[in-house]
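Each chain gets a letter, A, B, C, D, E and F, in the order it is written, and its residues are counted from 1.
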Amino acid sequence: MSEDRFTHLDDQGQAQMVDVTEKAVTQRTAVAQARVRMRPETLAMILDQRHPKGDVLATARIAGIQAAKKTWDLIPLCHPLLLTKVNVNIEPEGEDALRIEVLCKLSGTTGVEMEALTGASVAALTLYDMCKAVDRGMVIETVCLLEKAGGRSGHYRRASGHTDNSEG
Amino acid sequence: MSEDRFTHLDDQGQAQMVDVTEKAVTQRTAVAQARVRMRPETLAMILDQRHPKGDVLATARIAGIQAAKKTWDLIPLCHPLLLTKVNVNIEPEGEDALRIEVLCKLSGTTGVEMEALTGASVAALTLYDMCKAVDRGMVIETVCLLEKAGGRSGHYRRASGHTDNSEG
Amino acid sequence: MSEDRFTHLDDQGQAQMVDVTEKAVTQRTAVAQARVRMRPETLAMILDQRHPKGDVLATARIAGIQAAKKTWDLIPLCHPLLLTKVNVNIEPEGEDALRIEVLCKLSGTTGVEMEALTGASVAALTLYDMCKAVDRGMVIETVCLLEKAGGRSGHYRRASGHTDNSEG
Amino acid sequence: MSEDRFTHLDDQGQAQMVDVTEKAVTQRTAVAQARVRMRPETLAMILDQRHPKGDVLATARIAGIQAAKKTWDLIPLCHPLLLTKVNVNIEPEGEDALRIEVLCKLSGTTGVEMEALTGASVAALTLYDMCKAVDRGMVIETVCLLEKAGGRSGHYRRASGHTDNSEG
Amino acid sequence: MSEDRFTHLDDQGQAQMVDVTEKAVTQRTAVAQARVRMRPETLAMILDQRHPKGDVLATARIAGIQAAKKTWDLIPLCHPLLLTKVNVNIEPEGEDALRIEVLCKLSGTTGVEMEALTGASVAALTLYDMCKAVDRGMVIETVCLLEKAGGRSGHYRRASGHTDNSEG
Amino acid sequence: MSEDRFTHLDDQGQAQMVDVTEKAVTQRTAVAQARVRMRPETLAMILDQRHPKGDVLATARIAGIQAAKKTWDLIPLCHPLLLTKVNVNIEPEGEDALRIEVLCKLSGTTGVEMEALTGASVAALTLYDMCKAVDRGMVIETVCLLEKAGGRSGHYRRASGHTDNSEG
């Protein structure tokens, strides 16, 4: 599946945007995750907010969706593309973490894994921002690709067990 | 140092941008990190590129600087601010990781930790993008604040040993 | 024509970008309007400017076109899309108003009504900005969709008489 | 309070950004509103969502805050500035409308009324977007400045009764 | 006036944003120019448009102003800053050229020459875009700094005669 | 090849975005250049940096690629489009200049010459920014289209000799 060279460098080592002019338009999907580790008290405060109408999780979801749409502007060699779906899901994991999972879809010529990873990262940064006044020591962990489908490189699915912290 | 409530929510739990109109203008500094774990062969390829004029690390440094400047646009409740310095440093760590450290400075009324964290995250995402054709399983780990100075909340420095993966 | 649920919320009430991956590519058109109510003297000043080469209307037209192109960045759950035409027309209406009409076209999978509405709103805000030094009490009124064609939901045309202020 | 010329045009009628280099830095505040008129059933659906954790209002609040920060990019002759606070409040009004009120603050050399108006407009557009599948005929009405303080032009407060639709 | 090293590279040759945290806030001004060479018939068409209300020059002026405000986003190592004035002036020069002159002002810690140069370049590109259907061979020439005042490096004024094409 | 009217103005002289809804999707290519004239010592310093790992040229390449992707946001009447390839090449020319050549590709309905010209201009501005501390008198010269293929207007290639400075 993987190549033996950096596709974003030409043969002189210079950064370039890969040519996708003639690649086939296919349906492409990617799923990525990020995890925000925090103090149990911080998680409890967020979950309390969730019930009435606290905006912590809603703000992070929206920030993740918007960042996925801006990936082409943030990552210098990414192609601009027209995402057809972005979904950001945030769930507690154990007593001291929130886990973010972002799904991106596209009908186009390039994969959308950078969009999913960027959405997950910015949702995680937004959670940090919303909660930093109560817990400055939060850590964003294990931002990684979980699954990728469509396109020439075939279906990729991360081996199970490879997303917990000890494997990170 | 920490407060007992989410400053970004009003008393009805609604997202708001905190009022900093009357906060003092002081010099503020923040240092954040991110680590990208990869296969040893991938790291070797990047380091090989570094000698002649491979653009992998230069591209990631520039992406990190530019993202720090755009933090106010990415993180919904961040205040716009005028960074007076951004520095992105990327070094190998062990045989299978690159460690990114971002320093942001400001003379203003709000802290710059989100700018440092955003710069580190986007530099890490850019490294992933540049190398994903050879190593799809890379993981971004341990995005966290290392140090913060200036402003009302005093000097913060992360306890040593708390940035390695097992503590994440 | 209308659905009985909010398509931008999933079944848990969370914001999501609707999946348009498999929707048909068709030609789509939308027309929206906004009206800026002002003092008759203010309108007279603008119209005087129009003859020689005053830039008030030109600036508003350009701002409206550019905003229509940025709709995906302003409205969180809008899909990015490639407008194939934007036209902004501004005409006086009676003695004390300017009426803005924006036409957007697309060959794609999503409607362009938000683009037309956003273009009309930002053109109206720009008129306000250009004239606020002489008339702070201007009001933007009756921003609404006039017509929409293409796509699954069929042709929509606003009932006549429903765009004046009393119907607002 | 008002001037007798368009400050954004030079003496040849050409658009220009007004010189504020030597204006005093003072605290400035502006409050603006927008109203979204809809069918009573649509309002009822939104308010139902509000209880559990529906994201309609949260999404609109965040879109309004982010748009206020981008005003300099949307309105061609607005100065860039560093908002120190943005607050977006959305409340039902009667049986068939939501009323948005946006407060912006700044310590700087230019007023923030365009930021408040832009925030209110984009929050209203976002409500439209979230609900258009159930009610295409919604209308954004009466986008106007309610109050403005700080700066050379003194305190402005809209006469009462002048924000309802019949006065628009 | 000039230094003997690239201030935007650290001692390892890596790109960095220069630290301006402790620089004095002073009033700063820069004037830059660009020239667009075209066929005499093209110039005649543009000038004809100028009389009634043709938008060619107005569009270029607005594009130049907006680009000056976005310089920090376009030029990777530029600091964000708050321009207090931008003026774009476009005049015919001889029979076959338009000359653009952009003035930028700031009360801040960094010079604004990049803002003036960026504004001039984008105004020139916009003229090209507006006219390319009639004259694809237009050339943008002699984009350069004319004058710079304020700040540590003192007053700079380009030697006369050094902006015509033969000196370029 | 050229038309006898400005396609970006309607018959009243108002700026408009041309309708490309029904144009054919074809492969399109454009190549543009810019040249930065500087003192021989400045060029020598840049080329010295090139060997170890100086980031001057890498930063300009990346800025050019990113600006090409943002052309729709910079040039008011450009259509948004999805570039499938951008390549920025920078080479010394003689003893006192760097020459930038930008190639853009697209499978779409509009030409990409503005993207190539914008990429070349911003790469040139970035070189200026990186080097201005040592050479304030640098001049950006001869920004022009070299070649354009695909689309209705046929193949365009600039006559040889028409890109040197004396022809500007």
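Throughout what follows, a contact is a pair of C-beta atoms (placed from the backbone, for glycine too) under 8 Å apart; a residue touches a chain by one contact, two chains touch by 3 or more.
The chain lineup, named per UniProt: A, B, C, D, E, F = Cyclic pyranopterin monophosphate synthase.
Treat the numbers as computed from the prediction; the structure is a model and nothing was measured.
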Legend entry - Touch-network distance, subunit A to subunit E, counted in steps: 2
Legend entry - Fewest hops from subunit A to subunit C - one hop per pair of touching chains: 1
Inset, instruction - Find the chain most remote from subunit A, comparing centres computed as mean CA coordinates. - result: E
Legend entry - Turning angle required so that subunit D lies on subunit E, C-alpha fit (0 to 180°, nearest 5): 120
Inset, instruction - Check the residue numbers that subunit C and subunit F use where they touch, and answer same if over half are used by both copies, otherwise different. - result: different
Inset, instruction - Going by C-alpha centroids, which chain is farthest from subunit F? Tell me that one. - result: D
Legend entry - Chain pair with the higher count of C-beta pairs in contact (A-B, C-E): A-B
Inset, instruction - Compute the distance, rounded to whole Å, between the mean C-alpha positions of subunit B and subunit D. - result: 33
Legend entry - Chain centre separation in whole Å, for subunit F relative to subunit D (CA means): 38
Inset, instruction - Among the residues of subunit A, pick out those that touch two or more other chains and give their numbers. - result: 14-15, 53, 55, 58-59, 61-63, 66, 70, 76-77, 81-82
Inset, instruction - If you connect every pair of chains that touch, what shape comes out? Choose line, ring, star, complete or other. - result: other
Legend entry - Interchain contacts (touch definition) - all pairs: A-B, A-C, A-D, A-F, B-D, B-E, B-F, C-D, C-E, C-F, D-E, E-F
Legend entry - subunit E residues within the subunit B interface of the complex: 10, 14-22, 72-73, 76-77, 79-82, 108-109
Legend entry - Of subunit C, residues touching subunit F in the complex: 27, 58, 61-62, 65-66, 69-70, 81-89, 105-107
Legend entry - Touch list for subunit F against partner subunit B, complex: 50-51, 53, 55, 57-59, 61-63, 66
Inset, instruction - Could you please specify the touching residues of subunit C with respect to subunit D in the complex? - result: 1-9, 12-15, 34, 37, 45, 49, 52-56, 58-59, 62-63, 66-67, 70, 74-78, 113-114, 117-118, 121-122, 124-126, 128-145, 148, 156, 158, 162, 165-168
